[in-house]
Amino acid sequence: MSAATRSFASDNTAPVAPEILDAIRRANDGDAVGYGHDAWTASAVRRFREHFGDATGVYFTFNGTGANVVALSCLVKPWEAVLCPASAHLQTDECGAFERFAGSKVIPIATDDGKLRPEDLEPHLRHGHDEHHPQPRIVSISQSTEYGGLYEPGEIHELCDYAHERGLLVHVDGARIANAAAALHAPPRTITADLGVDALTFGGTKNGLMFGEAICFFTPDLAAGAAPFARKQAMQLSSKMRYVAAQFEALLSNDLWLRYASHANAMTARLHERVRAIKGIRITRPVRCNAIFATMDRGAIARAQAKVFFYTFDEALPEVRWMTHWATRPEDVDAFAESLEAALA
Amino acid sequence: MSAATRSFASDNTAPVAPEILDAIRRANDGDAVGYGHDAWTASAVRRFREHFGDATGVYFTFNGTGANVVALSCLVKPWEAVLCPASAHLQTDECGAFERFAGSKVIPIATDDGKLRPEDLEPHLRHGHDEHHPQPRIVSISQSTEYGGLYEPGEIHELCDYAHERGLLVHVDGARIANAAAALHAPPRTITADLGVDALTFGGTKNGLMFGEAICFFTPDLAAGAAPFARKQAMQLSSKMRYVAAQFEALLSNDLWLRYASHANAMTARLHERVRAIKGIRITRPVRCNAIFATMDRGAIARAQAKVFFYTFDEALPEVRWMTHWATRPEDVDAFAESLEAALA
Amino acid sequence: MSAATRSFASDNTAPVAPEILDAIRRANDGDAVGYGHDAWTASAVRRFREHFGDATGVYFTFNGTGANVVALSCLVKPWEAVLCPASAHLQTDECGAFERFAGSKVIPIATDDGKLRPEDLEPHLRHGHDEHHPQPRIVSISQSTEYGGLYEPGEIHELCDYAHERGLLVHVDGARIANAAAALHAPPRTITADLGVDALTFGGTKNGLMFGEAICFFTPDLAAGAAPFARKQAMQLSSKMRYVAAQFEALLSNDLWLRYASHANAMTARLHERVRAIKGIRITRPVRCNAIFATMDRGAIARAQAKVFFYTFDEALPEVRWMTHWATRPEDVDAFAESLEAALA
Amino acid sequence: MSAATRSFASDNTAPVAPEILDAIRRANDGDAVGYGHDAWTASAVRRFREHFGDATGVYFTFNGTGANVVALSCLVKPWEAVLCPASAHLQTDECGAFERFAGSKVIPIATDDGKLRPEDLEPHLRHGHDEHHPQPRIVSISQSTEYGGLYEPGEIHELCDYAHERGLLVHVDGARIANAAAALHAPPRTITADLGVDALTFGGTKNGLMFGEAICFFTPDLAAGAAPFARKQAMQLSSKMRYVAAQFEALLSNDLWLRYASHANAMTARLHERVRAIKGIRITRPVRCNAIFATMDRGAIARAQAKVFFYTFDEALPEVRWMTHWATRPEDVDAFAESLEAALA
């Protein structure tokens, strides 16, 4: 793939943003004590607390699966279960990493749009509190959703209230929380911690970083005794932590997170504008962030993929997914829209 | 810690080597398909196969614990056990990550020098092959050892033969295999694959990389069906794999691995030369690679650590450890030796 | 609960059948080598092979959850998944024991009647064979079903063919396989092994035994290396195995299994006859074996449960379940039907 | 093996004691609600509380491995470790069941006599409380020991104090706690709960029962939230619980436990008396309960085993083990001693 090429396959095909790479370069200065006992890590944690509150517990991990698994495994006992949409990354794309590591059950809930609502949870909370049944303990949702959608703040608030009243915790898989915050014109805190969310995995890799995610526990002491050990056992403790921390320090400074995510969203909006009128393309989901889902003729999909790779998300329909990211250029979008149009001609 | 400061605490306190950082910068060019389906990964795998043989299975991971756990977990069933020295990183410093992920037992074997020999294994192979006892399946050794020592090639050969005759596999934790190869003046292949080693975790983080380790399976098809899945479940599959791969591509080119490791070893030799004559310091282990173990008076240790941090490895004796790395400078060594001498004065 | 009392809560409320207790008493003769190396175990295994074929691998366990977990865990790697109806005992009533022990994922499939058909499986087999997704490996069905229903032999045959063509195995949770065989007037082999079923957990506890289930592997060598170890690790290896074996030896002799199950079924048929005409009771599921599901007014349920305990299976409807067993007497049925009628009056 | 035959292989080769079988027969009366919600279970729990104190948490399991695993897994997080003698049943004879179920590490400590003392623990408590090292949480000892030895009450008291001062809990694997209590002429409570022991697995199978062990938690609320779920997930929850409970109810009544254990001990004492003078037999361990360890000529061992089976405990020496139980008869002992003498002649 040449330097000029931009893919619409996923936001993880993006290169590292220049400000992030520069932050890494600046951190590459002399020796630093390992495993997070360094100044860069302390500074990045402070930055997170500026954004999310002083009591936020912050733990960096290598990747998103690691972040989800560590966050959730700190909060469940092996006989407690996680409720999530059937479309959750946790359920479909992490190869059962959580089950293997935590020994717990994930209970997938079928939904039309990848969003959980209190009425979706209710049927799964009826079992008694006896030892025959895994005990629901966590509601895990993705913001933005796996279908590029959004929870409105009120929806998350309602879900948190419902969960807390029943002794459950709420976790947000925020691999794309920045895209959601940008789309909602709301600081990340106002769509998570302030609404009652207990734990967030704050994505970095899909928003300009080389690697690295951050787990934020908002409920004080929620996982303080567990998280360092769970992260280590989950093989997510970086010895040269400063290189993760420096990236997040940069991302959370000068609104870089917002700039990257807003750009990604804007490029999707541009693509949406271009393709919505193309005959043969039917947009299947509300376009809110940096992903478009659409159905097309199978032959056209094949022709289009031969030129620029993207994923067929659901082979049965078939439904495809197009994503943009911080580095997608307007001319990439335009060229891609043209190539789709050509494939359908 | 200022730019000038060099620590003697561990080789993971080192910054990233300039050639490695440059390789990352060069890989940061356009989009790339995720999860290792990119050109950089293909190229890095080829480089490993040039070094270790065409049939080598190569899997990159984020960190050393991840590499050990993925490698070993591919090779054992949950009722099979790993035999290792009681001093193994796997046993003492990975927080039971292997047990949690694999569900298997690690059987630590007490040794004086951190090296396993056939006679150490024999008592652990006497149990019958019935279901009451975990079945020994893998012998895992560290090269260089956790005490900075070395297995001679003949020793590894003998261990492999002994293990294979009894249906066991041999894994080498090579977090510092480069230091061993440099010290033995032997290409890595000649001290692993060529001697019968079945699987190697080839360290990068401690030899100039930002992050990243590589698992090499030398026995064809040994883990082909398992490794991709085990790596994913172990949360060690990087989505932006090119940034791991590019580092290894560079490390294995132009003998960078050897240059970094040789330098680290040479700095330890220099330090050894300086401190061996200091009254009050007793070197406790053969100095072969990039670590020195020594006993000193407790007060002197405290005084020295206050100036330059290093670890007390065994509080009981007390025994301390000093390590050097690719970026340690001769003047750092000299200053450190002087500070030790001052602490003992 | 007095001696005369019979419950309609479950078939596990039954006492031990007299022939079974007598078999235990006869086995209580002198010393016997532990862990299944005794004559009773050898004899019981022979009896199973008479019923299911000479190559059948037979492993006794303590209980049904243990039997399911051991059987399934022998057949999956941790990244392989089990597909089952959302109503499966494995999914709803085993507290995630399988996930904890095997580290694997259970993928529940919503069905109306608790029965899986090829078309239910198809959507779950579309994911690629890459490491992001748990790989479906086993289809697990219950015969009789959790709703007291039955798979016709042809349905199981079709399911086995469909599964095998796609590289999947078929497991039957046969906690009530005897009730199914009795209802279908077909020897157990003809509704399992002969149809292509790979593994069966053959229930004892719910059909007259004190405790004990048997895992049968029909595909030769399917789990021969794994099963003894998995059973031991699953804490299901009885040291005084003869007392499990002697029960099964008796159960499989003189058609005792059939007599007990037929009686249980007949008592349910009698109850069905009695209650179908009662105003206020709506039978919700086909009555095929030893369970009846019905809806009633909540007040009536409470009044009836106060006299004779039974379970409300689905609080939402509410739907209740009544079960009979080998020891249910006609007069118990009649009295129970009268008490239901009275509660509804 | 004929009715008359008595084995000296293990105390688990024994038949069920007549009073126990009678208790089972009496419990076989009508229906009973499953999973421990029956009168027999309530009564057996009361009996345990009479023996061990009103706050004792009592959980019945199927077998000894299950009891150990459930008890310990309730008390550790996956990053916490169990310290035990290298000879512990948990370490050597449970096939890693604990590691697989709990995901935690067992740290075996070499001892001469299978007994742990504070000075044995100390070297394992030196590691820092950071996330790199499994955190020792439980000391698990066997009483009587795996070598047929005994801890004196004062030794357990000292161990408990030492452990508690360091934040550790003490678990006693009491598969043969009755033999220990009988030998020490001390009620079980006085050698466990009263000395500070936190959790005990109280053995039944080796002391006259058909199957069944009991976990006793002495520290109030220690595992109240966890134990029911852990037992269920560990596949140790019996649906027809009354048959376990009735056995324990009998065992703890009328000093049956003491009568059986005292007899077993007495038979070993008789055997000891007979064999100590036989030329060629060297008793290798103090004979305190119901086991004798001895070395003999290999040929003699083979000749003796051909007549009456017993285990060679350590092939290297070789060291054999002879055990007696509640049903061993004086004439069995005498005949066995004669056969040993003949084998050595």
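Here are some notes:
Per-chain numbering from 1; labels A, B, C and D assigned in written order.
Please note the rule applied: a contact is a pair of C-beta atoms (placed from the backbone, for glycine too) under 8 Å apart; a residue touches a chain by one contact, two chains touch by 3 or more.
This is a predicted model, so every value here is computed, not measured.
Centroid analysis (C-alpha atoms only) places B farthest from subunit C. For the pairs A-D and A-B, the larger set of C-beta contacts lies at A-B.
In this assembly, the C-alpha centroid of subunit A lies 33 Å from the C-alpha centroid of subunit B.
Our note on geometry: subunit B versus subunit D, Cα centroid distance of 41 Å, whole angstroms. Computed from the mean C-alpha positions, the centre of subunit A lies at a distance of 50 Å from the centre of subunit D.
Residue positions of subunit B touching 2 or more other chains: 78-79, 94-96, 100-101, 103, 131-132, 229, 232-233, 237.
By the touch rule above, subunit B contacts subunit A in their complex via residues 1-7, 9-10, 12-16, 21, 24-25, 28-34, 38-39, 61-66, 69, 94-97, 100-101, 205, 210-211, 229, 232-240, 243, 309, 327.
Partner subunit A is touched in their complex by these residues of subunit C: 78-79, 81, 92-96, 99-101, 103-108, 110, 123, 126-127, 131-134, 314-316.
Chain contact summary for the complex, subunit B toward subunit C: residues 35, 77-79, 103, 130-132, 135, 226, 228-233, 237.
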